[in-house]
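I've put the structures underneath this note.
What follows is a pair of complexes built around subunit A, which joins subunit B in one and subunit C in the other.
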Partner chain A sequence: MVSSKLRKVPEGVSLTSKEVAWIRRKLGREPNPVEWGMFDIMYSEHCSYKSSRPVLKILPSKGPRVIVGPGYDSGIVDLGDGYVAAFKVESHNHPSAIEPYNGAATGIGGIVRDILCVGARPVALLDSLRFGSLQSPHSRWLFRYVVKGIADYGNCIGVPTVAGEVEFDRSFEKNCLVNVACVGIAKKEDIILAEFKHPGDIIVLVGGSTGRDGIHGVTFASKTLSEESEADRPAVQIGDPFMKKLLIEAVLEALKTGFVSGVKDLGGGGLTCATSEMSAKGGVGVEINLDRVHVREAEMNAYELMLSESQERMLFAVKPEGLKTVLEVFEKYEIPYSVLGKVVEGGLLKADFKGETVVNVPAELVARAPVIRRKARKPPAVQEKLKASKPSQPENLQKAFLELLSSQNIASREWVYRQYDHEVGVRTVVKPGDGDAAVLRLIDVPKAVAVTFDANSRHSALDPFNGHAGALAEAARNLVCVGAEPLAYTDCCNFGNPEKPEVFWQFKQGIEGLALMSKGLKIPCVGGNVSFYNEDEETGLAVKPTTTIVMVGLIEKLDHITSMGLKEAGDALIMVGTTLPEMGGSEYYHEILKFDGGEPPKASVRKEKATIKTVLKAIRKGFVKAAHDCSKGGLAAALAVMAVKGKLGLNVNLERIPSLKIGRLDELLFSESYARVLLEVPKRKVERVLKIASKNGASASQIGEVSDREAFTLKFKGKPVVDCSLSELEEAWLTPLPKALEGTPA
Partner chain B sequence: MKAYTVEIVIENKPAARDPEGETIHRDLILKGGYVNVKAVRTGKYLRMTIEANSPWEAERLAFEMCNSLRIYNPVAHVYRIKVLE
Partner chain C sequence: MVRIAVIRFPGSNCDLDVVHVLKNVLGVEASLVWHKEFKALGYDGVVLPGGFSYGDYLRSGAIAARSPALEHVKVMVDNGLPVLGICNGFQILVEAGILPGALLPNENLKFICKWVYIRCDNGWTAFTWGIPEGKVLYIPIAHKEGRYFSDEAELERLSRKRMIVFRYTDQKGEAVPEANPNGSIRNIAGICNEKGNVLGLMPHPERASEELLSPSGSADGLLLFKSMAEYVKR
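Right after this comes the complex of A and B.
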């Protein structure tokens, strides 16, 4: 029986009574206020993953290409030829919902540091954004300033923003989702890990000075947003991209000296998180002196120094014999630093301040919060929605089609990516909007890396299992469409309050879906991030379950690089994969029929494998001139985008589309069934491609051809269903975002 | 009604950083030898001419405007309003 005294939660600490009892028992004494603050921050959901860890364990994390898997600052995969790619995704939802510009900018800052920490040079940024409806002024304000924050910060540090996605849905009105990812390239021998390994190593805090900003930022991220958040607002950080640019160069040069044995960035949890995690990982202890921290505010106390989340800081473990050499690098770049202490034997995290020991706890106890087994319960409302009867088909399908093209979730994202510098670094081969994934070339080897960012919250809201599996498969499809072989992925889970069994059910189902597809396609997970509590406290409305997937692929030969715009009149259009009447969660139901029920698409490992193999094989054989996967808006939207991008018309006979159980034309046009890809193939190669498909078990057929007329024609048994000009398509697809965002007050 | 000159100064919250000010301080002022300068904060300055019946009314108008039009960002900034004659 645990005494009530042991379970009493100290004032100002947001730990549970079980956790405080556990800490007291393990420690054998009452922690002091500084130590309570450290436990508080490290046991928060954001730092500890205490709810998600037991679930995430089911994701496969091993593979022949995996060098570093989950648990480190970024996942690392082998690209061959002595090169590796490091990549990581992170959410910056809560800070961005409060202050979009700095929230998004510092999100980029944090993710760049994660890549630097493993010794890789950041070469590309990606962002996945979700807001409420564009009709809402608040959402427009958030959207505009999040994009500006990413653009300003990314452009200043000289890392191109190459890909991403934006989705609008009312569930994100109060809680926008800002997921940012970074990809880095390194030589295999330059990789370094965030661990303290060798007792005697000197600990150096490098970069920005420490202030009172952002104290308890992560405990803030582990709460739902309420009106009180207004008062919590000192948690907002101001980014400093020019300092970051210096930091990037200084860190990479310091690592080159060979005297650095571990680096970690200071993000959520500040010095507490970095020292405890690095010690726990290396099985050692650490002794630091807080008097030495370079500060920018007077009179900071030990609690503030240990918990501050000031930006642009990193923690280094340096071999004593190389300290002078490493410090000279920082001096050269005028980066401030302070030598805090050293790595020691044993496992204690000890900090002194003004002649007193203010922290003396086992690092392991701070860094590894006990897991919480949450209850999961299927929400009853979901079943009803799935079984809801179908709405009827509109009379004018052409009108519905054009409306769908101009709807906020399908319309061109050019307004967003033209604000980003996507060329800096001269690696970007396939630019935003031109292909299903961004393609970056390696400088010394004739190979390229492809990277994509995907999620599908609307499918996941109805069926998290299939929605998540489908999002993972879509990422893989996007990579093969540009000619890449998928290597590995990292996921960023965005959910409501995990203490609610219905939310936790969504999370569990989602991860199970990911695990199934991930195992089936043999694409391992090398890291991730979980953001819970994306929920409006007033209305109790949680965000739609959204797990964004960043996937990296390798393009073996530069000739394989494929974009999505149509290339030449007279070429054949081939559809790979089967269309089913899987309309639930489709943009068509949502935007045109205003209906939020129905069965969403089912994910099938067998079908995805067949499609992926077919497309990759056909591209590698040199038969494919353009490729594009069918996702939001279905086949019709995919065809339209290929036409607009290539400035060429097309003729398609809808009855030739491989389909099953389809009873209506709108289902054929707008179903969002998975495992489907459109290919442009020269006429004389059609038979070869169809043969590859049948050999790999994928259904495929020639559905039409590219034409040099300015007409976009979709016919069913000779009768036109959609017949419009390219300029009509352009008007519908290219103009909605600029119209919604330019000339309207913020 | 009388025309009042109203000054509005907007700067980052005291606890928030000011990278621009820090850079001016470090790279321009200190390197230029002005070591007596201990800190620099940058900000935005607006001078408005507002017609009002009293200085208090002019101040109230400026206050209302700053908040409703988000002339400053309540999360990142603090502002000061001063009415001159």
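Right after this comes the complex of A and C.
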């Protein structure tokens, strides 16, 4: 019998009573305080995915292009010709909400390490950011410093930041969302996995020294933010991009020696997470000596050494015969390292410190927390919002249109991407703001990779199922618009507290929507990240349900690369897809009519397939000079952006737009119906493109033409609805962000 | 065969890009050389690439400028061999006293990544002798500390000795204030030494050396590397 005194779980451990009992039963003894700490972080939502795992299972993860699917540091897809792309997404919401600069910077640091761990060179970064309203000084502060953190870190390590998105909504006022993604390119034979496989391999800890920073970062990320969160600031890690740049080069050089059998980054959960997960994956054990860890602070104890989340560290398993060769690489780059121990038979994770064994637990037990089946319940308020009656149409649609172009969610993001080095690496063909997705060429073969980052919080708030399915389809459409075939995606789920059935319902619905579209379009999921507890404890306000999608596509021929700016006067404008009065969650309702109800767009696999096939076919035939997907702000905003980008005017006859059930002009202009793409096509190719559309079951028609007059004219049955100059559009679309951020105090 | 060294300092990040352009686009022999192993002997020219050498800790380029590799670079400078400093490389050359002046934080205090127009004002350097004077090139910048500055006396000397090689201009080649992205004095984008064998510039010619990568479909940056290789052959 264990005495009741011993049975007390150390203070601060946030394990549930069920988990405590499970650990005791499986271990057959009382864990010591270090072990309790390890279980605590590994059983946190952030590390264990204990609430989300059973739901995420429904996403398809197999396909002919998939080389590595969910469960590893990065998903990997085959690009052909012996090349692969590795990519991964991660959230850094909680740290960014209290320390935006370092929170965002270390997000970049972590995601880069995930790509390195599979042996790929990181070639592109992406960021998807969400803040409260730009009118709020707090949100502007977060926004400025998150962007600065990403810029300073990404620019320094020489990985271009090529694409992303920013959305502003009051639900993100306290809980901003900072999702970052990285894409790497590797030769297929160079792929390596984060596993300990061979007993006898030597374990080496490489990179930054270990300090007390970031201890319990993951448990902090697994609770809601409150007044006391400020006191958690020490739980935010501090980044060192210079050390990261050295690590990138050293890791890639070390892998080239052929003596490395596994690598893993030390991010959330530090040494505990890396050793337990690598052992569990490989079905082996590990013995390490914590006295050997190179530290930056004196007198650190075993608990701190096992749990520290100090940045810029990686764990290597090295073949003993090659240890000297590998260590020489680290010495060349003057990167500190320590040889911690070795891989052993069996499945035990054992750590010694000052002559005593301080950890001795099955790695599997630490690495795999039991799942929790959460309750889901549809919130009653949703139904009312969907059924709310429509607000009336404003009299002056031109004024509404220009205001919408200037609104915070539609205005140009140039203020952001100017601060990012998006050129380094000499791969960036379609640059930020120039196309629906970024395009990176491969250096050694004449092919290119396209990548995009998308989500739609407002649609999802009203209807998580369709909003999520629509976001996935939008990512696919964006890739197709630059001439790429979508290969696979990874998702980053951002929700409130999953212990609340209403939040968990949103999550389940969202994932079901993703699964439907993912299966329908045959685009598999190769990994992901879940961030729960994005909720303000005081107000109980959770973020709008937001799953961001990073999707990678392949461009087989460089000639297929397509951007969105108009190219030549006289060309025809073709609209592919049908416009419906699906106004709920639209920027127009929110910004202009100040209305947050209505039915949001419905996602349809059939329609998306038809549109995607049509656009891809037309581009591959060489008929398309510019392509742009219609999303936020609808058709009108999409046309405006194409005009501004191409510095050309246009004439559109609104009555020619393929539509259904539309009763009002504002619906035609601003509906955010899915499965719609605008194409610029030379006049003599119009018939061919329309034929491709009808063959693929997409509605399409020529709606107008590009003009060299500086006028942007949208007419309905001969009467102008919008008639303004290009410079008016530029003023409306290009200036709002600089005005909001440069003209106001911090 | 022309042999050009591209020095990698810890934190350099445009090194592989320059090697790619020299080797794969231009077809000259280019070696990536770790700074500790760099010796002047055996190379016909050297490029100090962009990036954040030593993390730009202290000041951009300050630490690399004091590394032993720069002693070897100075030997090449004195021997009249072409020495090109791009972005952080320019900052290193200035910090090392090989080129005059200073590179201050951009006027808006932010990193700026943007395609800009620059005009060639001296076609007699090792890097521009294939470029007609007055020609406008389209090349991107990407830096946070690129605002060129020096005092009036020095500027007067730069002008007199024709050491101002590139200025930021509009598309037509006018050095107007609106075309100046970072607040550089007199719109200066790049300068050379008196002999014209050392060039430092903030824009990245290696990023504008292939038509595929340029928004205008030009490959203006390649002209600098071509000139460099031709200069060596001559």
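One rule holds in what follows: the second predicted complex is superposed on the first by the 736 of 746 C-alpha atoms of A that agree within 3 Å, B and C clash if a C-alpha of one lies under 4 Å from a C-alpha of the other, contacts with A are read in each partner's own complex, and residues count from 1 in each chain.
As a working rule, a contact is a pair of C-beta atoms (placed from the backbone, for glycine too) under 8 Å apart; a residue touches a chain by one contact, two chains touch by 3 or more.
This one's a predicted model, so the numbers in the text were calculated from it and none came from an experiment.
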| item | value |
| --- | --- |
| Contacts of A:Val429 with subunit B and subunit C, given as first, second, both or neither | second |
| Contacts of A:Val382 with subunit B and subunit C, given as first, second, both or neither | neither |
| Between subunit B and subunit C, more extensive residue contact with subunit A | C |
| First (subunit B), second (subunit C), both or neither touched by A:Tyr420 | second |
| Partner chain(s) touched by A:Phe242 [first = subunit B, second = subunit C, both, neither] | both |
| Which of subunit B and subunit C A:Leu558 touches, first, second, both or neither | second |
| Subunit B versus subunit C as contact partner of A:Glu99, first or second or both or neither | first |
| Partner chain in contact with A:Arg441 - subunit B first, subunit C second, else both or neither | second |
| Which of subunit B and subunit C A:Gly211 touches, first, second, both or neither | first |
| Partner chain in contact with A:Arg296 - subunit B first, subunit C second, else both or neither | first |
| Residues of subunit A that lie at the interface with subunit B and also at the interface with subunit C | 240, 242-243, 334 |
| Interfacial residue positions of subunit C with respect to subunit A in the complex | 10-11, 13-14, 16-17, 20-21, 24, 34, 50-52, 54-57, 110-114, 140, 142, 144, 204, 206-207, 209-210, 212-213, 215 |
| Residue ranges of subunit A in contact with subunit B within the complex | 98-99, 101-102, 208, 211-213, 230, 233-234, 236-240, 242-243, 296-297, 310-311, 334, 746 |
| Subunit A-facing residues of subunit B, complex | 12-13, 15-19, 22-23, 26, 70, 73-76 |
| Subunit A - residues contacting subunit C, complex | 151-152, 155-158, 240-243, 245-246, 332-334, 417-426, 428-429, 431, 434, 441, 443, 558 |
